[in-house]
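This report concerns only the one structure given below.
Going in written order, the chains are labelled A, B, C and D, and every chain counts its residues from 1.
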Amino acid sequence: MTALAGLLAQILNGIQYGLLLFLISSGLTLIFGVMGVINLAHGSLFMIGAYLAYVIASVTGSLWLALPAAILGGVLFGALLERGLFRRFRAREHLDQVLLTFALILLFEEARAALLDNQFHSVPVPAILDFSVPVIGGFAYSAYRLAVLVICLGVAGLMVLFVERTKIGSAIRAAAEKPEMVDLLGIDAGRIHTLVFAAGTALAMLAGALAAPLQSVYPGMGDGFLILSFIVVVIGGLGSIAGAFWSALLIGLIDTLGKAYVPQAAGIAVCALMAVVLLWRPTGLFSRA
Amino acid sequence: MRPLSRRFMLAGSAAALATPAIAQGAPLKVGLMLPFSGTFAALGENIAAAFELCLQENGGKFGGRAVTLVRLDDESDPAKAPANVNRLLGRDNVDALVGTVHSGVVMALVQAAREKEVPLFIPNAGNVAATRDLCSPSVFRSSFSNWQPAYGMGKALAARGVKKAAWVTWDYAAGRESAEGFRDGLKSGGAELTQILTLPFPETNFQPILAQLPGLGVDAVGSFFAGGGAIQFVKDYAAAGLRDKLPLCGSGFLTEGVLKPQGAAAEGIQTALHYGDGLDNPKNKSFREAFQKMTNRSADVYAVQGYDAGQMLAVGLAGTKGDATAIKALGAAIRAARIDSPRGAFTLSASHNPIQTIWLREARNGENRVIGAAAEALADPGTGCKMA
Amino acid sequence: MMRAEGLTRRFGGLLAVRDVSLDLRVGVLHAVIGPNGAGKSTLVNLLSGELRPTEGSIHLNGADVTDWPNWRRARAGIGRTFQRTNVMPAMTVLENTRLGAQAQGASGLGLLSAGRTTTEAAARAALDRVGLSRAAATVAGNLSHGEQRQLEIAMALAGQPTVLLLDEPLAGMGAEESAPIAALLRVLAGDHAVLLIEHDMDVVFAVADVLTVMVDGRVLEAGTPAEIRASAAVRDAYLGHEA
Amino acid sequence: MTLTGARGNLMLALGALAVASMPLWATPYHMQLASTALIAAMFALSLQVLVGGVGLVSLAHAGFYGLGAYSVYLLGLPKLGLSVAVTLPAAILLSGGAALAIGALALRTKGFFFLMATLAFGQMLFFLFHDTPLGGGADGVFIQRPPIGITLSRGNRPTVLLLVNLGTLTAMYAALWWLMRTLFGRALLGIKANEHRMAAMGHDVQGLKLAAFTVAGALAGVAGHMAALTDAFVSPELLGWHRSAEALLMVLLGGIGALHGPILGAFALTLVQEAGQMLTERQRLVEGGVILAAVLLLRHGLAGGRGR
């Protein structure tokens, strides 16, 4: 019985982890797909969102304020980054893009150290969710984690609606799948780029804010997520929201279950999965190619 | 406050101005290779400040020789460690090394101390190897071995009637070594360590592990975590509703310096460490006052370790009249001494690790209050140590 | 020599090439003409291996090469040029041509030789043939458009192919530039099986031995220049529009 | 990428002479610093085979560097008394073998996917040493130096290691200078210039890229082996992708247009880092600033010529 309850809890954890991963990697995949820019600093945006949540929660005492702030701040920060920096990187070679965004990682870390400090900080779970929901077999599940699960699913749903049902959404989809289409459709590519980058930044920062109470905030916290979200994009296929969604869930489950049952192989299992996908479908599971 | 320059020199006294031409009058340079940035920065600052306090109390001299301190930030990056050690030894020509917190970086220090026969005082990192297989006449530790606090915790649990326990930790050397200590401690009281659960360092997603705990059939859960991982683990443990079913305990670092962010989740957790709040001895009282006066911070276990590193170097140099190169005599003097530490007086074992009392503490109202001794005069086994 | 049977290539819903069969033989210059979008370049890409056919087969010297990638077919003796100039602009003309020559020679550990003599001889011979020897040391990016078209052919020739697939070698050339190339095509047909795609009807009818007319991916008519000229269907569908 | 001409090679030879004469005038510390720069130069030079040679940007390169370093520990050879004559080929085989396996998979992808795939595979190697007991754990381990034919002592160690590293770098540079002039090297440059045309002319582009990836990985293994020999300490951080990015920075700083660019880049970066280390505790600011300057201002690198 307890083994079953444990497995159930692990699966819940895996889904919740996978959904957070989806918020990060969906932005990454769209930015790759639409703009053709490789952004290694995407994990730092996650870190910035988490620290923003920490600062807002410690000043106002409420994490609820941090969520809209992360989204709004993400949109503004993303738009600023795109207009000020990434727009100029687009035509550059990969080598330049890799190094420039690597420099951003270093500078963001340094700014964080200068503005705040280098400590671990824990962020309290909102009081009304600070209880545990009993699951079978004596295992209780944190209400906040369930809330994160619901919020992520809601955001994913909104994204799908936006991309599938709106005109701008379909333009983004077209741009992600066939960048040369954008000009044909008579859409202002510059505005699409700003929009996509702002949205991607906001999603990463929202993920950071949601994750802050779950894993504390600390220097370099975005690094692990960066690697995993890259793997999600490779497995899911470039520019594919659906691909990012399903592969994020898959990776979340494999990583979580792996850590629970074969801890030393978890990190390698995810990479092995990627190797299999590369052998079988080098352009990702959900790509149209 | 962080100094602007990484090469921050502190003149011990006016004697530092003595001309180097007079060999004995030349100041002794001590390199403080500690984390002054990154996650462990606060630990590094406390160790450095307490070492400096010890030096001040000695009038800026150890063994009659003026001492100059050279600070170097090791960034807790083992890959940069060999180059950083070279900076201190080659560029700054230090005569003795103090460092560090990170157990990977300390390996490079130990190696340099062995190869170049420079005395090294380890003010925190608890890798057992430093005072076991890799022990050396020139390597001294003022802190603990990872084995010691966990042994104390295991012994205390067994004494309380626990029969079976599990250990949760990161999968790295400190975690594995503490698990061994816990196992040996339990065994000393007839109890058994039935399961070791690990996750990769410094992962803080504890859910996969927490979900397994109720099914293990143990009476108690011990753990080794530090810093942010400790905060998160204690909070997640409480959030999973496990606190009342399975008492959580651990090596003292589980609740060390992190009680405030852990809040109510930590209340009542018992841990074992070589230091704690409310230790009633005169040395502790005067040390805490002086440290508070000097830094405006409360002293903690890291400060104590830094302070005692200073005391050990002082004792050693007193025995060699200020000659740091006379490793044999230096070691003999330190081993013969009884170090009057704020944690309670201790002596050094043959493998240069403190033989010390491990205190049992309970977290109450933001303090790790000492409630008794978990293991008295506990020495690390020192297995495999062959002093050349 | 080279034989394609029932080649069909589909792009999504679009049939770019449907059921095309043709034979290429040494000594025969086979021209393919047709309006834009007739599927001529797709056909060349199918033959050279840049694209895989959806249906149909390709044989080279009796071997089924349908599933071979382009580089393997090139090694087996198929040389091609591109509609849009496709050279290494930062390298010299000789270096460009030498890369064409060395692809055929060594492989494996043999690549670790400097191989200067053999590859350079083959490259210089190819340059001689297209009349570009004087520009051997010029950086390809600095050549005139016409010279770059010549270089295209030299790079293909350097690999000493038996089949030559030439995708609009005269594109963008003035009459003065194209005349010597047209003459060269005739000469090349002497010791190669040549497939020529060309829009300049005067040149095509002057040099081709066999003509295939494609419209909408399909073969409309095939035959000698005289037969094609006489075909009413071709006139209606194609030549009429051009005139 | 242009090969260094006679004048350039003369300048490099003079530079090598200056380094070789260090035992006569420099402190042991500065000789150790020069050793660090020489090893960084080997690492960056091995990456130049990919970046300048065939136009591939890989983030897995530190993985092969680290494998080379760990091979000394993994094989436990010094305990058997085996010398560098055994450990160095072992490092080459291990790193080259890993590069062959990873390259075979990663090269199935192109562009961004290749970058992401190499990043992920590189981190997989990192996790292998960080999360499993295979390499002695996350803290890193000491290694006993394999014998190099000269007995090392406290006094002669910096000198001997400096000269050994200088010799290795020189040999590596000479080997690459030769390699880039063979048919193989010229084919790589052709692929960098126009991959599609190279395939159309009959070059096995995938095979050549894989060969280049393997050679680069094996040479990174040499650099890692020398690092292990010099520091006698290895840690998983050697394999982390930040180190790959740092190597890319050295290549860019020196210039992707010239074979010797990475050597200049490695020495420049080591000097800047050393100077920065004395001035400020904000190392990331220094490195970030250097990258921005290199990418935005110094687009052709110290060696000049970007080579398209």
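Some notes on this structure:
One rule holds in what follows: a contact is a pair of C-beta atoms (placed from the backbone, for glycine too) under 8 Å apart; a residue touches a chain by one contact, two chains touch by 3 or more.
Nothing here was measured: the structure is a model prediction, and the numbers come from that model.
Greatest Cα centroid separation from chain D: this falls to C.
Centroids built from CA atoms put chain C at 76 Å from chain B. In whole angstrom, the spacing between the mean C-alpha positions of chain A and chain C is 49. Rounded to a whole number, the gap between the C-alpha centres of chain B and chain D is 37 angstrom. Centre to centre, using the average C-alpha position, chain C and chain D are separated by 43 Å.
Under the contact definition stated at the top, not a single residue of chain C touches 2 or more other chains.
Counting partners per residue, chain B has 37, 171, 200 as the residues that reach two or more other chains.
For chain D, residues that reach two or more other chains under the stated contact definition are 127, 131. The touch graph of these protein chains has some other shape, matching none of line, ring, star or complete. Remark: the chains found to touch one another pair up as A-B, A-D, B-D, C-D. Across the complex, chain D is touched by residues 48, 50, 69-72, 74-75, 79-80, 82, 86-91, 95, 98-100, 102-107, 110-115, 119, 155-156, 158-159 of chain C. For chain D in complex with chain C, the touching residues are 179, 181-184, 186-187, 189-190, 193-194, 196-205, 307-308.
Across the complex, chain D is touched by residues 32, 36, 38, 40, 92-96, 98-100, 102-104, 106-107, 109-110, 113-114, 227, 230-231, 233-234, 238, 263-264, 266-268, 271-272, 274-275, 278-279, 282-284 of chain A. Residues 37-39, 41-42, 171, 197-200, 203-205, 207-212, 214-215, 227-229, 231-232, 235-236, 239-241, 245, 258, 261-263 of chain B touch chain A in their complex.
Of all residues in chain B, only 2-7, 36-37, 73, 75, 77-79, 81-83, 86-87, 89-91, 102-104, 107-108, 110-111, 115-117, 127, 134, 171-174, 176, 200-201 touch chain D in the complex they form.
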